[in-house]
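Chain lettering (A, B and C) follows the sequence in which the chains are written, and residue indices restart at 1 in each chain.
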Amino acid sequence: MVAKHSLVLQTDFGLDDGAVSAMYGVAKTINQDLDIYDLTHNIPQYDIWTASYRLYQTVKYWPAGTVFVSVVDPGVGSNRKSIAVKTKTGQYIITPDNGTITHIAQYVGIESVKEIDEATDRLPGSEKSNTFHGRDVYVYNGAKLATDNTHFDNYQNELDVDAVRKLNIFPPVNREDEVSGTIDVLDIRYGSVWTNIPFSFFEKDDIKYGDIFDVVISHRGTPVFEKNIKFVKTFADVALGEPLIYINSLVNIGIALNQKSFADTFDLGIGNDWKVDLRKVKGE
Amino acid sequence: MVAKHSLVLQTDFGLDDGAVSAMYGVAKTINQDLDIYDLTHNIPQYDIWTASYRLYQTVKYWPAGTVFVSVVDPGVGSNRKSIAVKTKTGQYIITPDNGTITHIAQYVGIESVKEIDEATDRLPGSEKSNTFHGRDVYVYNGAKLATDNTHFDNYQNELDVDAVRKLNIFPPVNREDEVSGTIDVLDIRYGSVWTNIPFSFFEKDDIKYGDIFDVVISHRGTPVFEKNIKFVKTFADVALGEPLIYINSLVNIGIALNQKSFADTFDLGIGNDWKVDLRKVKGE
Amino acid sequence: MVAKHSLVLQTDFGLDDGAVSAMYGVAKTINQDLDIYDLTHNIPQYDIWTASYRLYQTVKYWPAGTVFVSVVDPGVGSNRKSIAVKTKTGQYIITPDNGTITHIAQYVGIESVKEIDEATDRLPGSEKSNTFHGRDVYVYNGAKLATDNTHFDNYQNELDVDAVRKLNIFPPVNREDEVSGTIDVLDIRYGSVWTNIPFSFFEKDDIKYGDIFDVVISHRGTPVFEKNIKFVKTFADVALGEPLIYINSLVNIGIALNQKSFADTFDLGIGNDWKVDLRKVKGE
């Protein structure tokens, strides 16, 4: 008796047409009993960085054995590889080898990587279609792997874990009374900024709620925001519209306005071009 | 053998990032066999009123034993309580105690309320995170309750049903040849206006399809719309773009344009500031 | 022992309110074990053509026995019929008889059509509601049919397959060195244009990757776009922002820009008013 695992899909396809449903149908045709869920289908088009971050934000909360299929694939049909990745925490990710596993590799760890042969490991009869590997290759393999995790052993071509494509991540820096990092991503709906600065930096420096920081945000070296902001436990600890520094849900440092979009208000973006410096100015 | 029940999630998180999927993962980690569904994740940010209304619109259509988790939670991490509510129709709702159960209390009825202890009834290892109770507290408890409804008995602190926080609802008024109420919510996609005037007012007054009403809509006491509109069975009973009064799907009175947005066309909003008066002018 | 089948929902309701969740609840009340999925709920309001196309794009990828419920229903509550359709590939579709099965009839084939009696085959207690047949009639019947496909035999009124309402489809034309068709739909998220010209026209004419076509797109007879474009295997075969002709995922001819919206850039729409002519100018 083989244990069944969830299949979780992420794409940049949106939910306005039939693309995602066709993927569900292929999975259900392989295994009618499969449980299928969405991570998100609203990754900005072609935005591999954000796809990578959303896997980091979610994969570890799912049971070992869960199979993720992530398809942000501007190179579909070209010679970029297709891979199946097993994480150190026991989940699987099937995706083009284009940087999508960057954050998982960095923060979770990869145990093993197999290459998927797009010519043979694909939906039978789909050979004339070259632009929808989400349906024809990725979910097809994802459904098999979710049905039975030992399907991973069927992929003969094991790749070097370190050879998998990764995007650049600039490590956060912990100096005396100052920490620095980048804006990794936004908490989109609320406009909060999520940095890559771990809360452990604050713990090491014995920083407490109520401490105040001089926050400088720079874009390509040019400061675009500077303000003194208090480190608090939660949004409601400051007045409506006021800024706060807080521990986000991945236990990294976030910066926000209470019930207002920090990113929109100050026109902030994400990625390595966006640097955040926090310098402690006083305790309370 | 314990019966399994569906877990249904509602938030204002949107579906553009990984927040909802992390909630699903936590639920699946508690019970791999759980069936999880979405009510909506597009409640306008911080809009407790609309969250409350959407529960009223849906809860009664689900089987007894279904567990709803509703997270519109501007006070996350503050001293607002977390509660588990059992409705008189046998469904459960887990939510911050911030007014989210207003319409359920009014129109469905609450049988019993328990307090959830955020310090102990939470995802193990999540203690450093203070801003994502949707994942760390609410869905964690929701998954346990959906797995086994008797988990409700484990919450030791029973609260007074009447002490639960409720928003103000202004009751509709039935006078001779005139009924009044407020705009509770929009049928968003089509722009129809849903009032809190029950169709039973019409039944009592022996109003028939074809009867015409003088409709006045006021905002904070100032009339912003007035027109004679016919009460009909359905949209297609009037020409394209023409107004109609109809019985909506919750058997309350709705006002709409056929295949055009009534709310957008006349710039109408929702809530207690928006009053609707219907005065019968003639029958046919 | 009756085999369980998936229930798949499509509407133009959006996911911002409780309408779709109320439909799920009705289905779950009929059968707690039912697997329910979404095709899309973002069909443009009242757009029967697009609803029809999305069924064509997805139905065949799901297992035989799957039940689709499609509700784009501007005539709800009027005298338009409600029907249950069995396709030649063994899936079922429950929908208003308003043209929604046009593409399925044309490209997949209908085996049998039954009429649903809206007065008797509906959610008990829903009789006062006339504007939400998605909940009160369609998903109610869909859940019964997904629970047990033999429920199809219970509908006594069999309709003539050819009498079912269909929208006009203009067939594509294959002339010497020139093929013509219409713009059926957009690959919405990316802005690619999907024509109704089958790739088989290219195969018959021995067209190869690298061949160049003079592409003319006309709106109601007036040319609005003309350019020489190369037929290639996939997007990445041309530079960023450059046009391409390709085989789309339904093995029809698509036209796109690489990582840019072709439809937005040239302000193109869909439907029979939009004609596409491709004339081969040279091979390579």
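Everything that follows uses one rule, which is that a contact is a pair of C-beta atoms (placed from the backbone, for glycine too) under 8 Å apart; a residue touches a chain by one contact, two chains touch by 3 or more.
Computed from a predicted model, the values in this text were never measured in an experiment.
If you sketch which chains touch which, every chain touches every other chain without exception.
Residue numbering shows that chain B and chain C use the same positions for less than half of their mutual interface. Each chain gets one centre point, the mean of its Cα atoms, and the points for chain B and chain C are 32 Å apart. Annotation for chain C: residues touching 2 or more other chains are 15. For chain C in complex with chain A, the residues that touch the partner chain are 4-6, 8, 15, 37-42, 53-55, 57-63, 66, 185-190, 199, 233-237, 246-249, 251, 254, 259. By the touch criterion given at the top, residues 12-22, 24-26, 28-29, 32, 36, 45-46, 74-78, 128-132, 135-136 of chain A touch chain C in their complex.
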